[in-house]
C-alpha cells in the first residue's frame, strides 16, 4: 500500500490531517523501534503533540508522540509493550497505516533556560523538541544499558541508569523543565519543579476528544488528556 | 442506496471535532443528565479481541450548563441536532425533555434508557418514554439495550408509550481482565461495543422492525458500507456510527460514498422515515442533499 | 492452577466422539426435552467475523428414547454425567427431573433456562428451578442467559429457588445476513457463541459470583488456558468449552496441560466446589485425578 | 510451522487423526487450487471421506474431500468461494494447519460397473476414488472451459461444458454411479439412477457429530451429514 491523499479536519480550531501513510522503515533502537512513515500532507506540529496511528489488526489506533521529522518523513519511537505497539513495531516497507494528527497541546517553547528530562520511552518526543529548542541540556534515565541505547537519539544528553534516577541529578535550579516519562517520574519532578511542563499518558481510544476515555484529574475535575494535554503545567 | 448517517451518542463531540460532525446527516450529543456528572475514574476504556469496553459513566456538564453553553454553539453547526437524554428516574427524563422542548435547535430527543455503566432508573423503559412524551411535542426516540430477553417486547412497550422512533442498540455489559487478573477498567465492567456487538445489534433491529412500525436508527459495530447495508436490510431507516469513529474520523463520508456507489437498491427499505432530517420531504431527498 | 473442564451443552456428542469426551472432567449432554424434537431446518450454522451463530432448535430424541437408549451408553463412559434439561413449561422441567432423579448414572441436572432458538417457558427462571428442585435430590444447576438487564438478580432468584450451582452463559441472540441480504440461517436469528461472546460471559460470571454463593461453571468463547484463567478469576469454579471444540477437539487436554504448567496459583479461586466430580474430596484432588 | 505429532481420536468406532500438517505446496488448477499437505500420521481413508481443515484467520475449520494421496502427502482441490476457502487457497509452504480426519462415510467400492460422475468442484474426491477403483469411466461437467482445466486430474474422463450437463450424457444403463457435485446435479442423478451413491454437501462446524449443524433430511428425519454421510445412497 502507498500513501493516500490527505484529508484535513479542524479540531477545536486547530487543523489535523488524516491520511494513510506508507512505511519508509522500522529500525531497532535498543529495545525500541524507530518507525519511519512518509510525511504525506501531515504537519509535524509542535513538539509534544501526538498522532493516532493505526495498529494493524487492532480495533483502536495508538497515540504516539512525534520523535523526529526528517524531510518528507514522520518518525516515531515505539516501545513494544503490548499488542498494538508490537503490531506497529512489526510494520515493514510496503505497508501503509492510517495516521491522524498532529493532536493535543505540545510544549510551550517560549523559555529562558530549557532543560529536557525523560525516562525510558519518555525520550520519544525529545529529539524533535531538542531541535526546536536548538539542543538544550537534557537528562535521560533508563532501566538498563540496553534501554539506554536510545540515548543516541539525543546526542550530548546526560544519561543515568537505574538504580540512579533522573531526579537524583537535577540541578538545584533546574530552570524550565520539559519532561516526559513514567507517571512516578513525572510526579517526582512535579514535586521538585512545580512549574515544569509534563507530558502525560493515558489510554486513548480516539485522540480527538470524542470518547472521554482518556481523562485525568486536573484541579479536581476529569479532563480529556487528548484535548487539554498531553502536555500539562502546574496541574494534573 | 442512500441512508442517513448519524453518530452514536457519546462517540463524538461536535464542538471538539466539527469537521467530523459535518459529515453526518444529524449530530447526536453525549447523554445529558439533570445534574453535572464527573463520570467514572480512569482507566475508562479497554480494547478486547472483538471490540472495546467503556465505562465513561455519563460524564457531562448537566442540563443547565448544556443548555446555556453547549446548545448555542451546537446550533451554529446548523445541522439537525439530537440530544441524548439520561437520568435516574422518570422525573429526570421529564425534567430534561420539558426544558429542551422549547429549544428550537433541538430536532429529536433520544432517550438513553440503557446505559450499562450507571444504575438505571427504577421505572420501566415504557414509563420513562411516557414521562417524556407528556412534556414535549418533539420527536422522542427510545434507545434500547440489547440485554433483554425479548427486545421486540420492549419495542412494543415504548411504542405504545408514545415513542416516535427507536435507536438500537446501546452497548451490552462486558468485562476484561489483565494478565494479573485485575479488571482493565477501574469501574469493573463496561459497555461492550464494536465488531463483537454487531450480530447482536442486527438481531435486535430485525426483531424490532418486525414488531413495531417505527423508524429505527441502527447501530452496533458498523464500520463499512456493507455492514451499514445489513443494518438497513435488517429493518433500520438510518445508521449510526460509534466505535469506528475512534479509528477513522472520516468513516461517515467514506461509508456514504461507498453506499452510494454500491447503490444496493435491492436492499429492502422499511420505508419509515427518520424524523427531522434536513429537507426531509422524502427519504430519497434527505440524502440527495448530502 | 487446576480447574475442572467440562464441555458446553450441545457442543459435543460423547457417543459420536468418546475420545473427545474422555478428556473432560464431566460430560454435559445436549438439552433433552420431554418429547423428541427434529429441530430447525438447515442451514443451522453460520460463521461471523467474531463468532458463530447456531439455530439447532434443540434437536433431541426426547426423554424416553434418551433414558432408554442414550443413558445406558453414556453410563459406560464411566465419567460424571450432567444432563441438560429443557422444556416449555415448569411441568416439562419437573417431568424430566423427576424421571432422571432415579438414574444413578446422572450426576447433575443442568436446567437450560435460556435457549434463544425456541420460545421459552412462560414461567420465570426461578419458577422453573423451583419446579425441578421439588422433584429431585440431585444437584440442580441453572444455566442462565446473558440477555437480561441484571443477571445477578436472576442468579439471586434461582439461588433462592434452590439451585445448587450456576452455568454461565448460554448464547445470546444474533443475526447474520448474506450478500443478498437474506438471513444466513433458515430460522432467521441464532445463538451467538465464540470469541465475541467472551467479554459478555466474563461480566456475567463476575456479577453472579459477587451476588450469590454458588459454584459457577463459566463458559463463553473460551479457547485457551489464559482465557480459562480469566473465567476462574472472574469467579467460576470450572470452565466449559463449546465452540472451540469444533475447531479443535483436543482443546480440553491442551488447555488442561497449559493451565497446569502455567500454574497461575495467584488467580483467586472462589473456593466453591462443583458438584459430583470424580473423587471430589477436595478441589485439588478432583483434578490431580485427571 | 512444521508438522506436529499426531493425536488419534475414535469417532463412533472409526479412528481419525488430529494433527498440525505442514503445507507442501498450493498449485492453481484452472480456477481451483490443489493444496498439498504433509500426510503426517493421518490415514487417507476411504474415497469420499473428508477432512476438517483449519482455515487460517477463521473461527471454524472447513470440510474438504481428499482429492489425492501421493506418498507422504494429502492433497485437496479447493474452490475459493468464500473467506475460508480463499484462506486455504492462499496457504504457502512454511505454514501448517490443523487437520482432522478422515471423517464420515466414504463410497462403497464393492461394485460391478462403476461410473464416476462429477460437476464443478465435485471433481475433488474423484481422482482418489478413481485410483481405488482402478480408473473406471468418468463423466465430468463444468461451467466453463476454464473450470474444465480441472479435468486433467482425471485423465481419460469424458468432459462436458455448459450448456450441456453430465445428465445429458449418462448412458441408458449407467451401472453403479458414484457422483459428487452441486445439489441440483445430485438430485437430477438421483431421479435417473435411484441406486447412485451421492456425495452431498452441507455447511459444517465440527465434522464429527458434535454440533448438529450439518443436518440433511433423510427419510423425513434430520440426520447429521458428517456422521451418516457425506456419501448417501437411496436417500436424502
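Letters A, B, C and D mark the chains as written, and numbering starts fresh at 1 in each.
The definition used in the following text is that contacts are C-beta pairs under 8 Å (C-beta built on N, C-alpha and C of every residue); 3 or more make two chains touch, one makes a residue touch a chain.
Note that this is a predicted model, so its numbers are computed, not measured.
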Each chain counted as touching chain A and chain D at once: none
Chain B and chain D, separation of their C-alpha mean positions in angstrom: 48
Between chain A and chain B, centroid-to-centroid distance (C-alpha), Å: 34
Touching two or more other chains - residue numbers and ranges from chain A: none
Set of chain C residues in contact with two or more other chains: 51, 195
Pairwise touch network: line, ring, star, complete, or other: line
Chain pairs that touch, as defined at the top of this document: A-B, B-C, C-D
Footprint of chain A on chain B - complex, ascending: 10-13, 15-20, 30, 38-39, 41-47, 51-52, 54, 56, 59, 194-195, 243, 245-250
Chain B-touching residues of chain A, taken from the complex the two chains share: 7-12, 18, 54, 58-61, 84, 98, 100, 202-206, 208-216, 221-222, 227
Chain B residues within the chain C interface of the complex: 48-51, 53, 120, 145-149, 172-177, 180-181, 183, 188-189, 192, 195-200, 202-203, 206-207, 229-230, 233-234, 264, 266-268
